[in-house]
Amino acid sequence: MKKLSYAEALREAMAEEMERDGSVFIMGEDVGIFGGCFGVTGNLVERFGEDRVRDTPITETAIVGSAVGAAMTGSRPVAEIMFAGFMGVPMDEIFNQAAKMCYMTGGQAHVPMVIRVPNGAGIGAAAQHSERTEAWFTHIPGLKVVYPSNPADAKGLLKSAIRDENPVIFFEHKILYNHTGDVPEDKDFLIPFGKAEVKREGSDLTIVATGILVSHALTAAEKLAEDGIQVEVIDPRTLVPFDKEAVLKSVEKTGKLLIATEETKRGSVASEIAAVVAEEGLFYLEQPIKRVCAPDAPVPFSSVLEKAYLPDSEKIIAAVKEMV
Amino acid sequence: MKKLSYAEALREAMAEEMERDGSVFIMGEDVGIFGGCFGVTGNLVERFGEDRVRDTPITETAIVGSAVGAAMTGSRPVAEIMFAGFMGVPMDEIFNQAAKMCYMTGGQAHVPMVIRVPNGAGIGAAAQHSERTEAWFTHIPGLKVVYPSNPADAKGLLKSAIRDENPVIFFEHKILYNHTGDVPEDKDFLIPFGKAEVKREGSDLTIVATGILVSHALTAAEKLAEDGIQVEVIDPRTLVPFDKEAVLKSVEKTGKLLIATEETKRGSVASEIAAVVAEEGLFYLEQPIKRVCAPDAPVPFSSVLEKAYLPDSEKIIAAVKEMV
Amino acid sequence: MKEANEKLKKLLEDMLVIREFETTVQKHFAEGEIPGFVHLYLGEEAVAVGACSALTENDYITSTHRGHGHLLARGGDIKKMMAEIFGKATGYNKGKGGSMHIADVSLGILGANGIVGAGLPIAAGSGITAQILDTDAVTICFFGDGASNRGTFHEALNMASVWNLPVVFVCENNMYGISMPQYKTEGRKGQNIKDVSDRAVAYGISGVTVDGNDVMAVNEAVTEAVKKARQGGGPSLVECKTYRWRGHFEGDPTVYRSDEELEQWKKKDPIPRFVKILKDQEVIDDKGYESLRSEVKSRIDEALQFAQDSPNPDPSELTTDVFYGGAE
Amino acid sequence: MKEANEKLKKLLEDMLVIREFETTVQKHFAEGEIPGFVHLYLGEEAVAVGACSALTENDYITSTHRGHGHLLARGGDIKKMMAEIFGKATGYNKGKGGSMHIADVSLGILGANGIVGAGLPIAAGSGITAQILDTDAVTICFFGDGASNRGTFHEALNMASVWNLPVVFVCENNMYGISMPQYKTEGRKGQNIKDVSDRAVAYGISGVTVDGNDVMAVNEAVTEAVKKARQGGGPSLVECKTYRWRGHFEGDPTVYRSDEELEQWKKKDPIPRFVKILKDQEVIDDKGYESLRSEVKSRIDEALQFAQDSPNPDPSELTTDVFYGGAE
């Protein structure tokens, strides 16, 4: 174990996989000498050279489209799209090429690629640099969608993503980049997809949270415990595949479900989780499900408005108190 | 009233609005002399000329991006994107420009534009020409999302969309194009957004269906009535704004909810509807909610597989029988 | 000499195979045996054959919605192709892809694409792999005149240029993108330039335009571009001017073009033109040509029979291949 | 004569306003008073001023993430601008947009865009409106060298060309897109051509390159392009070579470029260059220049005070303006 920031853990995962496998390479805008807009690729270009750490022009469509072609021909691209809000640009390449190639070719082709995506708000970056777009990709069959909430998961999940034979959309939260934590040093430390983690046990209510909301949920849980309310916090870690069983098991125990994500509420991953429980765990529910998400609006610039916009531990606590 | 096909009703809506307002114009690929890939624009270029019925190059990004600029400067574009599966191409222009412009400018700018989108499978067009992408757009604040299920609604909703001051994504189902029905001739026949229609009354179970599934649901309802099962069929008509009250009212009455859409299930509009009811109508539910959707896979080419893939009246009937 | 003649005969044979194959598909589509959209390559045979004959086994191509010709020219199995187009379990894609997505990945075909212009960045990516894995593979990217107006064209050629990727971009300029003329002096047009190859300047790469109905001319230009790419000289743009004989897809009434125009182009049919050359050079005689044709015809008939007799996919195939190596 | 001199003085004043404004923003960003990303226009003043001075009231512009200069050159209200950058309720966008989205739509500014290259199709659309409503409005689209590698550049210029739209595409080639050089003979580069204007050929439109630090040269080239567009001559591409003095955004350590390079460009500072000309032509003297500067400075100070004293937006503003004319 060693203490690493979320960003460092991601960098270490890429470095280890590039050491292990010469077909792994990185491409994206300013991932080289600039070190990445959020510093995640850092000094990797010095270690691996410009051939394997490729600075691209401003060309998201070609970044993802060429990643598909590279993956189909035997290399393993790890592409960075600078902001989750830019994911609309290469959407066709993700949706019609990366996600469908295996199925359309009847299993002849496959596309082992990763797209890393800094996700989320909280830095005053306003409407076009603060989005959470994970829901779109969970609705695209053929993609795996990953969203680590801490440094250890970041490393173990990214290593698994790079080794996966299928396209993986890998969301990272900007605010988490400098969160630190203990990270295993084993070069084969992999976290399997589709296995949720119970971050905190509790019997009164289940909170399923993703990304940064896992931290907020745990903070809320601590505070609630002071009032004798024992909350269970579950982090799915991968949105596709999704560990349905873990959530249903917990809801069976607690009888109450709150889902907390930073997304705009309508059509969110939170909605999907609610739907799954309404279909397969309805009789466990003693209370209506609650989604604690952002309002259905773009992200405002003003810090005052942005704070009002974002779900946080206070908003979770308020919602829990209405339920128990 | 006169009998029109869904495609003719759409064309009549565009023609009437272009007659009424000289700032309304059409653009898209092969919408001119070719009449549109599905014949919807038909002979409009002869009536209104090439300046107002613009054949574009193959350039979805510029079609939507320029529609935004046109709408911001006083004209009212009605753009056609040839297939819903191509909506990933102009996704950034829809998401970052059309949907956010009003909010980002603090209400200074607005974007009265319509994007018409032939949606859905059933014609053997395989994985890249059969998609249903409406869910993505319901997750984008600032867009209205419309999905008529019959000729009269097609006309009334498209006229309302063209007169709306906000960007509207207007989904049309390919199979519905030659469905015929009675259509009002009143030049101001408008259907308001956010008002669902109860297509059939029933007391045993509520089916909320969209697009082509409304027809399948009604067929299923007829058959079920023969077995004495009275199903209520609700067509939201607009997905954003969504008529939550109509659905909750019906579920309060029937105690059972089945949601039928042609979408792939995970992250679908069906999921959102289920989530809303699990939040606001949980205690009405006597049975788990059921979503009857397509499996989480691309659309296969083979007619045999495509039939197995698509939700239809038989699949609805089977699901209903498990619930009552 | 003899070998050279065999190569020439092979070019002719490949064009005849495409001609026969497409004619057969046309007929059976009309008879309602084939679902979905079918885009035929009739009239454009010289482009795929001239270009693919410039490649070696380990090279790659990206194909399009009009891809039958590319796959056949690359040596595709006629039976598996016909079966796929009929949506049968014995097809290349197990019946899941159909005409628009038909491909033999083992032949280095990186998918046939229903999205116009999608192949260009994919081809660039294949070029990246050649650099990462240090192979000498070259990738040919087929795309249409209409595709050259998409952003993917711009981004892919720019990327290929700045990274010096071993890719040859072969534009099949058949004068139309559905109903839109590539260029006209006035009125509706896809672009305001006569030659798509003029766009090479924007990326600092070489661009040429050749007669796309002259299989030798295509082969020559593409061979040179492939050689350059293989030697590290980077990408090129080769425009082949040709014409599609049929509508955009089967069922298109082609109201947007004149019969005269079509007749003019039919006079430039790449096959008789090439046959005449081979006869003048005594590479082939009438008898040889006829026997080649009937031999090709019977292979196609066999493939048709195979497709018609093949079973439909089993419904259990519906959700396989969503992910490689099984479920989520 | 007198009028001409006033026009020249106005150009100088506008450049000074941008220089002062940006210097003030830089200072207060460093002091932590401004949230988010700030991209400064320092060093590039001659482009916005030279170009916008070629427009009339009813014309339009599209702006970028580096948009303060465009808005100021178009006559934006300094107080509302500073307030917006501070995220205050009194700002142009009610504090909802900030530096990257600051705009005065009533001045024909079609948004400042955080998406690189997004302004190009929007500008084309503004040109379409001029045709639909039959006005003589011309639209200037500002974009960077990096943006010229995006598909939107290709699609927008192609559309503008085939429809003969009244749009002038003004490329601010400041030599970098973040850390990526626009062009270098070797190594990393955004594109393989020296001049972005070379790309005009690909669309059959005219393209020129001018010294972007010479306000007169920019004004001349853009004025001509605007005249052409207004008269129905269609779109043009005008590339202005310039340099950004600051990092890409405030906080960028600029490891990707040398101090020498920066110093070379600072020698070409557009303001002293223009001041010298005005002095030689006796349009202005030292005293006049000094008083102009201090007058500008005090206006900026006033705006700063206004921004600092202004209230934050009320939380109730959070969900207004999602839809125009109220809720869903």
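For clarity, chains are labelled A, B, C and D in written order, and residue numbers in each chain start from 1.
Please note the rule applied: a residue touches a chain if its C-beta (ideal position, glycine included) is under 8 Å from a C-beta of that chain, and two chains touch if they have at least 3 such contacts.
A quick note: this is a predicted structure, and the numbers were derived from the prediction, not measured.
**Q** Need the most distant chain from chain A, centre defined as the mean of C-alpha atoms.
**A** C
**Q** Write down the chain pair with more C-beta contact pairs when A-D is set against B-D.
**A** Answer by contact count: B-D.
**Q** Any idea how many Å lie between the Cα centroids of chain C and chain D?
**A** Here the centre of chain D sits 45 Å away from the centre of chain C.
**Q** If you average the CA atoms of chain A and of chain D, how far apart do the two points sit, in angstrom?
**A** 36
**Q** Which integer distance in Å separates the CA centroid of chain A from that of chain B?
**A** Distance between chain centres, rounded to whole Å: 30 Å.
**Q** Approximately how many whole Å separate the CA-defined centres of chain B and chain D?
**A** Computed value for the inter-centroid distance: 40 Å.
**Q** Do you know which chain A residues sit against two or more other chains?
**A** In chain A, 57, 59, 61, 86, 89, 92-93, 96, 103-104, 126-128, 141-142, 240, 295-298, 300 touch at least two other chains.
**Q** Which positions in chain D are in touch with at least two other chains?
**A** Where chain D meets two or more other chains at a single residue, that happens at 93, 95-97, 101, 113-115, 149-152, 155, 158, 162, 190-191, 322.
**Q** Which positions of chain C touch chain B when the two form their complex?
**A** Contact set of chain C toward chain B: 35-37, 87-88, 93, 95-98, 100-101, 113-117, 146-147, 149-151, 177-180, 187-188, 190-191, 255-256, 312-313, 315, 317-319, 322.
**Q** Tell me, which parts of chain B touch chain A in their complex?
**A** 85-89, 91-96, 99-100, 103-104, 126-128, 131, 135-136, 138-139, 141-142, 240, 263-264, 266-272, 274-275, 277-280, 282-283, 285, 287-291, 295-298, 300
**Q** Tell me, which parts of chain D touch chain B in their complex?
**A** So the residues of chain D in touch with chain B come to 60, 62, 91-97, 101, 103-106, 110-111, 113-115, 118, 120-133, 137, 139, 151-152, 155-156, 158-159, 162-163, 320-325, 328.
**Q** Enumerate the contact residues on chain A facing chain C in the complex.
**A** 22-23, 25, 27, 51-52, 54, 56-57, 59, 61-62, 64-75, 77, 92-93, 96-97, 101-112, 141-142, 144, 165-166, 193-194, 240-241
**Q** If we count contacts the way the header does, which residues on chain D are in touch with chain C in the complex?
**A** Listed in rising order, the residues are 149-155, 158, 161-162, 189-193, 198-199, 201-205.
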